[in-house]
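Next up: some structures, all given as structure tokens.
Below are two complexes that have chain A in common, paired first with chain B and then with chain C.
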Partner chain A sequence: MASKIEKEPKYIPEMAQSEIDELNKSIKAASIKVIEDNIERMKKTWKNRPKAMEYFDEISNLFGKRAKELEEQKAAGKKIIGYSCIFAPIELILAADAIPVRVGSGWYDTAKLGDRIMPVEICPVIRSTVGAKMVSLSPYLELSDAIVIPLTCDGRTKLSEMLSDFKPIWYMNPPRVKDDTHTLDMWKKEILVIKEKIEKLTGNKITRQKLKEAIEKMQQATKAFRRLQELRKGAPVINGRDAMLVNQTSLWDDIERWTQKVNELCDELEKRVEQKDYSSYPDTPRVMITGTPMIWPDSWKVPNLIEESNPQGVVVVDEQCSSDRILYDPVGVDEWNMSDMLNAISERYIMACTCPCFTSEHGNEDRINWIIDRIKEYKVDGVIYYVVRGCILYAMEYARIKKVLDKMGIPVYYLDTEYTREDVGQMKTRVEAFLEMLEARIDI
Partner chain B sequence: MLEIVAETLRATIAVGLILAGILAILIWVKNLTRKLSAMRLFIQIVSVAVIFLGLIIGPFGLDQWAYLGTAPRDIVVGTNILGSPYPDGLTVPTFSCYYASGRTATCVVWQLQSYLFPDYATSNVYLTTGIERLAIATGFLVIFSLIFGRFLCGWICPFGLYMDLLTRLRKALKIKHWTLSERTNEMLKQSRYLIIAAFLILSFILGMNAIAGIELVSESELGRYLEIPFCQVCPAKPLFVLVESGLGYMDIDYALSRTIGDFALTGWYLTSINIVILGIVTVGSFMVRRLWCRICPLGGLIAIFSRFGPFKRLSPIKITKVEEKCTKCGICKRVCPPQVTDVYEEKGGDVTVSDCILCFRCVEMCPYEGCLKVEVAGKPIYKSKNWLNEEE
Partner chain C sequence: MMISAGIDMGTQRVKVAIIKDKQIIAQSQNFSGFEPAKVAEQTLKEALESAKLSREDIEHITATGAGVNMASFADSTISMMGADAKAGAYYFPSARTIMDVGAEDARAVKCDENGVMMDFVVNARCAAGAGTFIEAMARALEVEMNDMGSLSLNAERASPINASCVIFAESDVVSLIHREEPKSEIARAIFDAMAERVSSMVNRLGVTPDVVLIGGVAKDVGFVASLKRRLGIDILIPEEPIYAGAVGAALVAAKRAKRRH
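The block that comes next holds the complex of A and B.
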């Protein structure tokens, strides 16, 4: 699986092959255990978990079914294009008959490996991804023929440099200001460049018809995704963790199959709404999570804490690029010609996005509007502002969000953590105190 | 030679119109309740049929044209306004062209210009004074503008339908449209008012002989044209006259023979400038959606009485936006035919502006439930929804 490296890597230190193999083996075993443990915990909290969830449990195994499928498809000549962030235009990858797969990683153990080249202040997502590369852990990263890295934050900018020794990296330079026509023009050009690169790598031309099909495929996914989100508006029929897992699997699963499975899940859940068969008590405090992406499997520690604590909370919605923001916005095409489709794609990935890497005349107002709307729509009782240490942009926006939420009378709790399992006990106390306060408010 | 051209044109236009009608009905039957754009197309076609009713139901076999007032084929409504004879018929602020026979109502721009000078006061066609007629025309303009605003442009105007059909043709051919820069658009928008001022002043000056006794232009054929200056450059006039000729209700040879010549030399129905402008606007609006609407003085007139000052508050049809639900995805900005940016840029509340033709394409395409709403007198009648659920 290892790609040929002729020159010496710019960042990554030399490691003995035996050490790599040993670490790979041990981290992989630990990770599989974490995945199984997470699923076990989800099942424990939600006794009669729908049958349709089994599929997502299976696909959630990062070293399992999907990795094997990708290997087979790669052997059959299909190209696999990795991407580090949801800014990458998936429709274009699909239109060229390539397979898009997200490569950012959430392993706590590999973050420790990343510490060998980076100080601990650096965003752990980056450290973890680089660490995974050091021991060739992530099957998706290893299988990728090229990786699209949108340079959204400083971490990703340097990440692209570190990974460039191993894979062809396609940089995308998103503008930091959204409201101007000229910045959008620049991004449209980036999209065109990526389109050419994809065409060159795959050897398939992205035709109008194929792009249309790809857009429609993604629209179907968005439709299914929104259907699931709609179900979370009422009394909880699905626990937050399960929904987040479903959302996140869309990043590496085959999108058509995923859409079908989500629809199956929704069918089942809709029946449960009628039967009033809830996953948690209807008066459970409704929590929203916002902030840094929570990447499967290790970052599940926070939603696990929320939904297993006493008093229990249920995550009804979130504002994270690892879950709710992945598929919420559709590509809205006015005229089905190449030019308008490309315009629609470029606008969808940048204009509708609420990433804190943006600013504008009024600040990142879109994000605040999104949060306010979600709070009202999903009847949120309290917000957990989740930040991993080193995620500067999310940490900086907290003060503004807090001001807005204070005005609305919605309690918000700043939960900062690290890519480590050591602080679970201490976090449990903090989360429980917050949920107790929420429950007290509900009782009044 | 001319006859062959005329016959071909006639046949082509007739077949084209029949096909367009069948297509529209098919689209309508399939999607009326689902797609606002299809419903709009249907209402536009019905409106054109109503405006030029005489073209469809006759009476045929009569003279097409009369020197003044109503032609035999006109089915003009509103010829008596509060006891005051009003032979040119109901004033509507759309391109219901005076020159094409068979109309039911009359374009406000023609009426304003021709009533501005009391030339016809001396003729026996009108029994009322120019001022009286001008007051009625202005009254209708204000009432229509206040009630419907530029809804008339998006849903009723026959020339708007023509441009929309060109857009649909371009869409079918999968050709991309051109986008005007915001500066050009703004310039066109401002020049509407200049055009209004220019034609009002010109028609006043050129028709001065009846007021002050000074004859600037002799009472010749040319003179009669210059008294109604805007109609001689308007792109809608040749279109309707040609369609009418093509359909066989008017002798096309006559129209053609009268337009041959220098730019300055005018014919009875059309000027060469008319035809050149129609050509430019046709090519332009094939490439740029609703090109003429951006500069249309008629739209400007409606805008004055529906989007500014006290009229803005009274005007009932509005597009409103809920700030929190908007993610600024930019779809509304991209799909807007006259490229209005305010729906996207405004934070929330009433986002209707003077260059919005109220076609509601933005509301139809907005993918966020309840973000954009069409309100009539404060009551929401149509709102944006998750349109993904409606696609196949």
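The block that comes next holds the complex of A and C.
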């Protein structure tokens, strides 16, 4: 049957090279401006922003230093493996001497290009990622030798098809049910298949020693990550946006260097705890964000609103795969033999994950437990439930989460938006009212 | 003695309320027009004149509403929802759910016995649940907007229309007119559709009695009848619901002024 289908782009319409070049140029220029603007805004709110943050500002430039490094490393023969979401087993990529880099897109402007293929009802993360590919905007996506796409939601499932016109796509099939031995077995096999693909692409065998080193490298990253997270539990010494930026750069930075830089930042911030040198007033309402991933740079729209609002809020923790979920859980190995390590990787990427793509008898209780625990640990005053239109799984789970939060007496606000800048005004109204409400409750 | 003022910079009208020791002593309103900042000054001036006060007598002014930043003379601001909660509890101390239906948007707020907002929902994206919907439909029916309400009360039933969008609804109304359906039934359908939008919004929040309706549209008997039918409960409405936002802001202003003493 397959032979009946001609080999031609399955989805992407033909575009004149001149149009591609022009769009690439203008969107890139606009994006660099958004990146600079976001950093300016973070600096403005956090008057005494430490020097250690400058490193992350630099890495946050999606067209800057890191893209250049990747280009050089690729030219030197290294393979670059893109991934669309944090289900991708980073340790295996590192163990084969390849470079992992996240390729999901937070560009609002490219979502409009995706509209040429898909109706606007489709999740904008998908439309934007495809749009970015249409004009070769993302250096990381362009440089990738293959892309791991875990089929977590319907959007990502079809995204894999759309991108397969350009790049080898490695699907991963996460089960929708975690607490079943046969689904876990299936996932373990997915991990083994990906391992083989990585080995074949790179020509490097993943040895016991190499894998151990990779796991340890990521464990160090988790340690630094948790150190920073710990600092957010008290009076704010780092604002939410800044912590989110640090977290998210781990998805494309060199992970060892990132770990070192996070530790340097934590050295400084720990001093500030002693000195009571806060990034926001200690009585600022403490907000948790949960929901759709907020992808740098354009999706900083919402944390910008929260932390620049009057009254101001500070994001002390989130439950997002674009930030506080990325590195929280280490791969826990019993014995450093190959089979144990692979088991541990397989378990870590599925059991620790709180993605709403899972279902269970109790209604995705892992996500609920995560949220409840963090609310208590981080003394959260209120939750912003962020959903982009078309993000069906997060939208559907809202009612479940709200029920739990209502019972805890924690206010939650459903903030729905799009990949657009046009709704900032009315979102501001809603965010300010929510923060006002939290402030009034704190006053009581 | 403490005098404070609230100004509600609405999308269609600017409203000012002045309160003295928790009593409303003056209210005034004007169309926002093209220069809302000037209108704000003017409206405040008129309220001061009617209360026989001067600007210096006001201890604190709090602004609210969509154009809140246009009232540059205000000492502070409050969200529309926060002002709604304060006003609802002021008019009716038993109020726990307050619905505000204005010209361009609708929202609902839950509050405690002190008028502190506990939760809220907003419908800001669709005009089918707001006052401009009535205006557009009245135009299609060729009746005065203020007559729509009493007209709808004569209807036994409602004609079916699409309530999801003003534009679709308008074309539905046009075809009903062509089918020579009675205007009263079409008018009732319009209010039913609006009530459906507003009640589904407030249902997301949960309807805790007593329920208060404020905002300019609360004056429309047709809409109120439809909303009562749809929610199946009684709704409390203050005498001059259009000033609710301004009154809420003035109450907040009084509190903030006191804090400084």
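Before moving on, here are some points about what is shown:
Methods note: the second predicted complex is superposed on the first by the 437 of 444 C-alpha atoms of A that agree within 3 Å, B and C clash if a C-alpha of one lies under 4 Å from a C-alpha of the other, contacts with A are read in each partner's own complex, and residues count from 1 in each chain.
As a convention for this text, a residue touches a chain if its C-beta (ideal position, glycine included) is under 8 Å from a C-beta of that chain, and two chains touch if they have at least 3 such contacts.
Keep in mind that this is a model prediction, so the values were computed, not measured.
Contacts of A:A29 after superposition: neither chain B nor chain C is touched.
Contacts of A:N369 after superposition: chain B is touched, whereas chain C is not reached.
Legend: residue contacts after superposition of the two complexes on their common chain; A:E432 is shown touching chain C, with no touch to chain B.
When both complexes are overlaid on chain A, the residue A:V424 reaches neither chain B nor chain C. Residues of chain A that lie in the contact sets of both chain B and chain C are absent, per the superposition on chain A. Per the touch definition, chain A reaches chain B in the complex via residues 178-179, 181, 184, 208, 216, 219-220, 222-223, 226, 329-330, 332, 334-340, 343-344, 347-348, 351-352, 354, 365-366, 369-370, 372-373, 376. Looking at the complex, you find that chain B touches chain A at residues 171, 174-177, 182, 323-331, 334-335, 361, 365, 367, 386, 388-389, 391. Contacts from chain C toward chain A in the complex involve residues 66, 77-82, 116-120, 122, 124-125. Only residues 310, 411, 426, 429-430, 432-434, 436-437, 440-441, 444 of chain A touch chain C when the two sit together in their complex.
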